[in-house]
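Order of writing sets the chain letters: A, B, C and D. Residues in each chain are counted from 1.
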Amino acid sequence: MKKISKENLTKLFAAICEEASLILPLKNNGMTNFALWSEGDEVDLDTLKTVKSAKDAFFPQSETLYNCHREDGKLKISPGERMDENFVVFGVRACDKRGFEVLDNVFLSDPVDSFYKARREHGTVVALACHAPEETCFCSTFGIDSAEPGADVDTWFVEGDLYWKANTEKGEKLTARLSDLLSDADEKAVEEEKENIRSIMKKLPYAGITTEGWGGEAEKEKFDSPLWEELYKPCLACGTCTFVCPTCQCYDIKDYSTGEGVQRYRCWDSCMYSDFTMMAHGNNRTSQMQRYRQRFMHKLVYYPANYGGMFSCVGCGRCVDKCPTGLNIVKVIKAFSKKEDK
Amino acid sequence: MQELVKRAKELLADGTVTRVLGWKKGDLAYNPEPAFFENEEALSEFVYDSFCGANLSKYMIEASKKEGKTLVFLKPCDTYSFNQLLKEHRVLREKAYIVGVGCAGKISAEKMKEAGISGILEVEGADALNPSETLKVKTLYGDKEVSYKDVMLERCHVCKGKDHMIYDEIIGESRDTLDGDRMEKVREIEAMSPEEKFAFFQSELSRCIRCNACRNVCPACSCRKCVFDSTKFDSAQKANVDSFEEKMFHVIRAFHVAGRCTDCGECSRVCPQNIPLHLFNRKLISDMNEFYGEYQAGADAETKGPLTAFTQDDIEPSEARERG
Amino acid sequence: MPVEKEFRPKIVAFCCNWCSYAGADLAGSSRLGYPADVKIIRVPCSCRVNPMFILRAFEKGADGVILCGCHPGDCHYSTGNYYARRRMTLLFSLLDYLGVEEGRTRVEWVSAAEGVKFSTVMNEFVDKIRSLGENVRLGDLRCKN
Amino acid sequence: MQRIGVFVCHCGSNIAATVDVKRVVETVKKEQGVVHAEDYPYMCSEAGQALIAAAIKEKNLGGIVVCSCSPRMHEATFRKAAERAGLNPYMVEIANIREHCSWIHKDMEEATEKAVILARAAIAKVHLNSHLQPGESLVTKRALVIGGGIAGIQTALDIAEAGYEVDIVEKTPSIGGRMSQLDKTFPTLDCSACILTPKMVDAAAHEKINLYTYSEVESVSGFVGNFSVDIRKKARFVDMNKCTGCGLCQEKCPSKKAKSEFNRGLNTRSAIYTPFAQAIPNVPVIDTESCVKMKTGKCGLCEKVCQAGAIDYSQKDEIITEKYGAIVVATGFDTINLDQYGEYAYNESPDVITSLELERVMNAAGPTKGHLERLSDGKAPKEIVFIQCVGSRCDDHRGKPYCSKICCMYTAKHAMLIRDKYPDVNVTVFYIDVRTPGKNFDEFYRRAVEEYGVNYIKGQVGKVVPQPDGSLLVQGSDLLDGKQIKMRADMVVLATAIEPEAGVRKIATMLTASIDTNNFLTEAHPKLRPVESPTAGVFLSGVCQGPKDIPETVSQAGAAAVKVIGLLAKDKLLTNPCTAESDTLLCNGCSVCQNVCPYGAIGYEDKEVNDHGIRETRRVAVVNSALCQGCGACTVACPSGAMDLKGFSNRQILAEVDAICR
């Protein structure tokens, strides 16, 4: 266990940047999002939840897959760049850290997504324990311990210090590189902090939410439930929930004509959108009810069916915070358990 | 609130309406959701409090396609949107039974969090018609207090007024919440140098994640298929790959709703990144009022909007700039 | 010192078929020159010009966009340019508000008989765009190489 | 993706001298979809067209781009050529590399580069063109002539002679126009009335011609072959069917102080009046401004004396709607207002008059019964000065930049007539240039100088100053002698510039006909289509199109008639297929397009739709392609992009934008 005083954080960031780039929560006009750090930026490690999750670091909202243009009547293709420099994502919460694992299942299993893989290989995750969980949090539902994220490096703020603990080889390497700035610390303060966090987690309004009844086995029964027809109605079909979500991984591939050529890029897509998975004949899902159902079925049924029971919701509560009409995954879970109670 | 439920039950019972469009209790202190209630029993979950900011008029597009009338609760500002939708034949008057509900200004959890309150468990005093001046908030981290005005939505500080523009009946009195000039920020930006203007909007718009919440909540953006989702202009976009795209999206969106936007403020309310989107709409409203005479979209369902009308001696674009 | 390459702006001129396009033809047949930077797109009427077209031009690298139509009152379709006038007044005002330099957009009314005016306007407009330099505020970087 | 052919025209050296056509050909060959490109000296020639046709067939082209002159010149030519070769004519696009390129640029490098870009834009567009089919519309076999002067009368007579119905709308109480105000006509010195009156009578008597005098066009809608026109028949207060034209009412009318419009205000007329003796119809009108009965309710003398009982004070303006296939504008001219020309003392002295006023003075039916006398004191003038180019060829804002064309000749005519009838009167003409291009015109002018001793001075008059003795001091310059001239005159006659009738702008707007900065109506092509307006179905006759004398006016009137006859002889017309079209699946049914449509071409229907599996009834816009003229206002008003314009679709225009900006 190491520590560094809060006042020296900027030095720490600068030191990280000597051999890697640094992505961490920055404040812009009152809103905090993960972004590339440079000296003078307003770092915000107090805000519990960035608006967008940290997934951009490994799966950016858009990225170029390849460029093509005509040269002497022939098509020339140049592939998009894979990440080839080390970077550090700092201040990731336990939920977002689990989110990366959800993405790993999808992008690192065959066929491997080489863009994602390159980023994962070059990125070191420094997580930050949640000092003050909020009422919208429910990570414990998915067995996540916000007091001990388990990333390459875990950190805790206690009093005026940031406590630092490396968990992996990558984490150790980073720690070694920063050893000049880090001093040794005992774990007592951190243990107290962990206890404190865990006790708050128990008091959260969503503390009792369980995923009982969900998972791959529930497919038919959940899919056919008449509840969806009631639940989806206020949905505006915007993509807020999917774009702030740390685990939504759907993307669309589009072409952009630059005049002299075409840039093929991918960008996040949202299953809430009417043109999601649009094909020549039209859409698989023609109504918003179907689209709405898809999102939750994916998180709570299809994904666990494919990946050994792991849910693709991490309980970060961003959708609870941000849905324009007050809808969220917890309401869905609750509605089903209420129905089943009857 | 009980009065609304009572009236809804009566209208359901006597067959005037087949369903009720209102707000349903949330699972937290502050997240009620728009909801259709098909029967008396369902109305037990009905709520109308200070967090019921959502403008229900756009849901009437779908409700107009259904059998029978829908009772819809509209706040004064929502009635402008309803009128505008009526003008554009997107909703049917005969399918709506409008109960105009009183409003004392709406608040949001977002604003409370901005005011430094986190871990909200209970909010006391958020009564829709008669809220307390100071809200008592029970949180995970102790009891807090916050002034109602401080957590009120921006749009309520520049409220269009207490009058409903269209209704079948009114329940509950509205409260005056106006204490600002809605064009103040617009003027402030107008006075900036082009460089400052550009920097300001660049910084605001750079946060846009193209979630389309602003568009999808907007009662004026009622297109079956938005140009940004269709291939008609080769303009289908899903992400802001380049900073130009967010400008394109927001400029065109503002232009498409010009003369139709009632300034209901929903776009700014729902933006997850808190981008002051109303600043685009208000600029256009301000220009149209100045150049073509005062016009309030949705004040009635007949008057032609400024972009579907003209006079022979309208201002020239160059003159408009000189006035700039 | 490297010699700076002369800035040659890309300028799109939307001209209505009945007045301004004919005015441009007359400028041509009268040999009234203007810089080759101006490229004309023929539209039936100024009211055919969608703000989307103008933004698209900037997106793809235009440095200036000008819209020319019949004089108010002389529209071949009676009312088209009146609508165009309102639309452009508002669009340009909004672009100014966004911080795009004012001179990059312009509306001019040019009749079929005004070859001289067409040429003068285009010369002026090109000068203005040259003085403003390259458009960097309203373009898609992917199109700049 | 189409298989595209590009054809680059040299236009002799018009294009080829500035644009490297070979390089254009080589460069566009690399463009996507271009499978054929070639150049030729004259693409529009028969051989050029054959070349295009051959390529279309051999290379199986799906679209062609012709890089040539303006599409306003030869788009139709190339479309026809394509059609003959079996290609839909709307698969042709023109890149205007002459008017918009070679003619305005000097640098070959620059012009060639631009020509390539213009070609690329056209190629990008033609990729998105679609096969359009023109519709058909029926032709109403009836013509409207606006204006009943010599131009209108002649046009109407010629059309009627071909067997078609014609209506003449004339705003004054009688047909006849300016020509009826003239005394004699150059260069033959015919009496104007003697040659005009028979034509007026012919027109009135013709079974195919219907006169609406004292009437004005109120509004026009529709399009070529199918115009609908509202005509306001102003209340005459005299029953046309009952009036015998005896003239007793005018004689007895107690109010005789109204200025005679016919005599240019030089004398007065009664409140109930016919403008002149030979007026057609010979039915008076009551001028409500001067009529005592109308103003005070008392009087009613005319009603009392009218034995036919034709007076009807209760008459109201009546609006009738008529359908026409073609409309001819023959609204004529007036002299300009001289308020700005203080130096000629026109407003100060009654002895300074315009030439048109002199016509009335010289006319036997005029204010002086044809005696040449000063209007101030009735004395016979001894010294008359004519001033030419008053307000014509003027480079300041007071006058007109153009030559009024008729003044040199009528001034020579006036001078000659005066010298002939009053040999003791000295006549001096100040001129800038004397322009006499016309049959027997120069001979006529020379006679005035040589035989009649008219004193022509090249120079301008700076000032006319009324003197205490009633005479006028004329200060001018003699440019040939290079000296200042001061001379005394008894009368000064101003050859005042002519301009289109005041109401023509309103009429042009109603007809959506273009008008130039001087208010002359614009012709479809200055050389090749001089009697047609750019607006289909609208034709031009007489001075409304530009200054003309009588023989030119009559020729143009006949030419306009031929164009009308050619149109009315058709039973059906092909309509422009470039009309708006709404995509039912995208339409919101919001009515915004209908609000901006100037033709009422958009309606709404409740339609059953299947929107990717969603079946419902929707209110959607439907365009009546017979009414739609293709302006595109609706396409921009439509927020969802449901409304698009065929031939100028959103994607076509965007493709052009992209190609130009690339």
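Throughout what follows, a contact is a pair of C-beta atoms (placed from the backbone, for glycine too) under 8 Å apart; a residue touches a chain by one contact, two chains touch by 3 or more.
If you're wondering where the values come from, they're calculated on a predicted model, not measured in any experiment.
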> Shared touching chains for subunit A and subunit C?
Replying inline: B, D
>> Going by the touch criterion at the top, tell me which pair is linked by more C-beta contacts: B-D or A-B.
In response: A-B
>> Among all chains, whose Cα centre is located farthest from the one for subunit C?
In response: A
> What is the distance, in whole Å, between the centres of subunit B and subunit D, each centre taken as the mean of its C-alpha atoms?
Replying inline: 53
>> Using Cα averages as centroids, what's the distance between subunit C and subunit D in whole Å?
In response: 30
>> On a C-alpha centroid basis, what's the spacing between subunit A and subunit D, in Å?
In response: 71
>> Residues touching two or more other chains, restricted to subunit D: which are they?
In response: 596, 637, 650, 654, 658, 661-662
> What parts of subunit B, by residue number, touch at least two of the other chains?
Replying inline: 225, 227, 233, 241, 307
> Could you say which residues in subunit A touch two or more other chains, in rising order?
Replying inline: 256, 259-260
>> Per the contact definition, I'd like the list of subunit B residues that touch subunit D in the complex.
In response: 65, 87-90, 222-227, 230, 232-234, 256-257, 304, 307-309
> Taking the complex as given, what residues does subunit D use to touch subunit C?
Replying inline: 70-73, 96, 98-101, 103-107, 110-111, 113-114, 117-118, 121, 505, 508-509, 512, 514-517, 522, 534-535, 578, 596, 598, 629-633, 635-637, 645, 648, 650, 653-654, 656-658, 660-662
>> Per the contact definition, I'd like the list of subunit B residues that touch subunit C in the complex.
In response: 189-190, 192, 194-202, 227, 233, 235, 241-245, 247-248, 251-252, 254-255, 258, 280, 283-284, 287-288, 291-292, 306-307, 310-312, 314-318, 320-321, 324
> Across the complex, what residues on subunit C touch subunit D?
Replying inline: 10, 12, 17-19, 21-22, 24-25, 27-29, 31-34, 36, 39-45, 47-53, 56-57, 60-62, 70, 73-80, 83, 87, 111-114, 119, 143
> Which of the residues in subunit D come into contact with subunit A in the complex?
Replying inline: 30, 32, 612-614, 658, 661-662
